[in-house]
C-alpha cells in the first residue's frame, strides 16, 4: 500500500470516499470515525441504533464465502441505516481476468449500487475496483488478503478506547501469527496513528513479519517479555495448517509455548484487557478461561464492529456531494 | 426432552421465551399461540397480515441447507412483522466442537440478534444454544433431528381446529414413518395436550417407535384398522433410503401396502381431512388424487405455517421485559 | 411457444398477467411497458426510483445459480417498489418430476408469494408453472433455456429507443451465436413488433438458427455485409465451449473472423450504437476498445434493466383485481 492509495481514499474536500486501509489515514479522520462509531454503540439487549439516513442507498456485499460474521455485521449495519443490501458470492480475483471482474462491478454500479463491501483473498483487487468505479461510488474493505482489514482495526481501537479512555501511554501487545495477519496490520496502523507509544509484536520467529514492516513496534520472541505490564493483549488467530511447519510446534505444544493462559496473563497489568478478532482456536492460541474471563472484551469487539461499519457507511455515503 | 427443558422454555412470569419442543408446554400456552396464529391467517390471494410490531428486532435463520420452505416461511413471518432478518448457512452441530459453535452464536448475539431460528440434524444442539444465550434472546426450533418440530405441530393443530372446530372427540391417525418423524412427535405433543382422545399411530413394524414413546396413542400395524372412522389422516413423508431395508417394501410395493389411496381414505369418516407436512412422495406414501383431492388440507397447512411462525416470533419477542 | 401461451399471458381484461415471452405480445402492450420503464430510469449517480407501490406484495426469485446479475436486478427492482423478496435456489427442472416441482411452487404460493421470477435452463417449465398457479399469481421469466428472455428484449428495445427516438427505418444487426441465444429471440420479437424493418441476423453457418425461425429477418454469413450501414449492432455472447466445434474457429481465430473491432464497426453508420447483453468475452466476440468506446451503450442496458423489471413487476401486480 503506497501513499497514492491512501490519498485516493479521500475526496478533494478531505472527506472519506473509500476505506481500503488505515495506513496513512489522518489521525483526525480516524478519530472522527471512532467518535461516530461510539454514537452507534448500544448495550447488549437494547434496541440497536437505527435510522433512515441511508434510505435510497444500495450496498452490495461481495464475498467469496457464503456467509461470514463480517458479512452479517456489514449487512446489519447497512440495513439499520435504511439502505438496501444485496449479497453476492463472486470470484473477484484478478485471476478471473481483470476486465471481466470489473465488468461485474460496472454492472452492479449501473444497478445503482452506491457502496461495495468486498472481501478478497488476493491483494490488490480492492484497489483496482476503487480506482475504476464512478466518482459517487465507494469501496469498503471487509478484509484483503494478509494486507488489511480496516474496520477490524477501527473496532479494535474503539474497544481499547472504551476501556482505557486514552491511547497515549498504553502498552499494547499483539501476539501470535503477526506475519500473515491483516488484523495485526490494521491494528498497528490504527493504534500507531492514535498515539500508542509502546506497541509490541510478540511471535515465534516463524510468524514474525519482515523487518521493514511494523515500523515503530518492538519485537518479542518470548511471550513473557511481550506480555510484561501490557495494558492490552491482542491475541491473533493461528491457521492450523501453519502449525508444525518450520520450527512451529503443533496443537498442544503450540499452546504450551504460545497459548494465553491465566498464569501468563498475570504478567500483564492487573487491569489489562484481552482481545481476539475471532474465530478463536480455544486451547491453541487462547485458553477458554481467558477467552471467557473477566478481562476479555471479545464480545465488546463484535458489538463495536457493527457500530464501526455503520459509521463508515454513513461517512462515505453521506459525505458525497448531495449526500445519500 | 426432559422436564427441565420444557421449564426452561418459559420465563419466570410464565411467558414463552424459547420454543424447542411442544412437550410439556401448558395447554393454555398452546391455545394462546393458536389463537394468536389464527389472527395472522389470511385467505390465499389476500394481502398477508403485516405490521411493524417487531421493528428494531433482528432474527437470524441458522440453517444447514441453502434454502428450504421452512426457512422461507420463517423469513417471511419475521419480515412481515417488521423485523430484520439475516440468513446464515452454518454448521452448528456439536461435532463442530461445542465451544466454537457457541462462539458463533455469541457473535450474532453481540450483533443484536434477538431470536435464533435453528434447524439442526443433531439432537441437543438447540437446547445447548438456548441454555447459553443472553436472557433477552430467544431460540426457536425449525426442526431438530427426529426429536421435534414445534411450529409444524402447532400448524397441524391449527389446521385441524379450523376444519373441525374442536379437538375433543376426534380420531386422528398418523400414518407412515412415525419412528423417525419429528413431525409426528410434535403433532402428538400438541394434539394430546389439546385433548384429542383417539390418537393413533399407524405404521409397519419397522417404522414403529419404541414402546415407551407416544404414550396415550394406540398402535396399528394395519392401515385399514388405523384409518377406520378417522376424522383426521396425517400422512408422513418416508425417506426413500429407508424403503427396502428390513421388512419394508420398496416404491410401488410400499405404495401398494401403505399408500393412501382414495379407496383407503373411504375407510375414514366421509368428512375426514388429509394432511401431509411436505415434501410429498406422490405415488409412494400418498396418491396424487388424494393429495390434490377435496379432503386435502395440505395447502392450508403451509398457509397456516407462516401465521404460526408470526405468532411465535411475536410471542417470544414482545413478551420480553420492555418488549421488542 | 404457441399462440396459446401468449394469450395466457394476458388477463381477460387485456392486462398483463405473466411475462414468459414477447412473442405475440401486442405492440400496445410492449409500448406501454417501455413507457412505464422509462419513468423508472434515473441517471447513474442519482437516487434510484423508489416507491411503496408494491408494499404487501411478495416476490420469490427462483434461480438455479447462487447469484447472477439478473437476479440482483430483479431483487432490487422489487425492493425499490416496496415488495418483500425471497431468494431461493431450487431445481425446478421438469426432470425433478413435474408434480414435486409444482408442489414447491404451490407451497410458496400458500406463503402469499404473488410473483415468481424464474430462470430455468429447460424449456417449458415456466409455462407449466404459469398454467398452474392461482389466478392472482404472476410468473415472470428471467431467462428460459434458448427460448426467451423477455425483460432483456424489453431493455434492449428501450435502449435503442433512448438513443434513436424511433424504431421505424432503423437497421439492426444481431451478431454472433443467434442459434442458441434467448437474448436474440426476445430482441427479435420486440424489435419486429415495434416496427424495425431492417432486422438482420449475422452469424457463421454453424450459429445460424433453423430456417423457420426469425421470420422477417435477413440472414448474413459475412460480418461485413451484416454490419453495413447498421444503426444498431447487438453483439451476443458466445459460449466458449461451442468454439472449435464444427466449422467454428476458436479464440483468437474466432475474434479474427467475427469479433467486433473498431475497424469493423466503421462499416456501420457513424452514429451506430453497440449493445451486448453481458457477460462479455472481451477479445472473443468484442474488442475492449469497442465495448468501452463512445458508441457503446452496454452500461445503459444494465441501468435500463432494473427499470424494465420495475415496470413489469408493477404492471402485473397492480393490474390484478384489487391491485397489489
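Read from first to last, the chains carry the letters A, B and C; within each, the first residue is number 1.
Operating definition for what follows: a residue touches a chain if its C-beta (ideal position, glycine included) is under 8 Å from a C-beta of that chain, and two chains touch if they have at least 3 such contacts.
Remember, predicted model here, so these are calculated numbers, not experimental data.
Asks: What rotation angle superposes the Cα atoms of subunit A onto subunit B, in degrees to the nearest 5?
Replies: Copies differ by a rotation of 120 degrees.
Asks: Compare the two sides of the subunit A and subunit C interface and say whether they are made mostly of the same residue numbers, over half shared, or of different ones.
Replies: Under half shared, hence different.
Asks: Taking each chain's centre as the mean position of its Cα atoms, how many Å separate subunit A from subunit C?
Replies: Measuring from centre to centre gives 41 Å for this pair.
Asks: Check each residue of subunit B and list the ones that touch at least two other chains.
Replies: 66
Asks: In the complex of these two chains, what residues of subunit B are touching subunit C?
Replies: Residue list for subunit B touching subunit C: 42, 44-45, 47-48, 50, 66-67, 69, 72-73, 75-76, 79-80, 278-280, 282, 288, 299-300, 302-303, 305-306.
Asks: Looking at the complex, which residues from subunit B come into contact with subunit A?
Replies: Contact set of subunit B toward subunit A: 56, 58, 60, 66, 84, 86-90, 97, 99-100, 103-104, 106-112, 134-136, 324.
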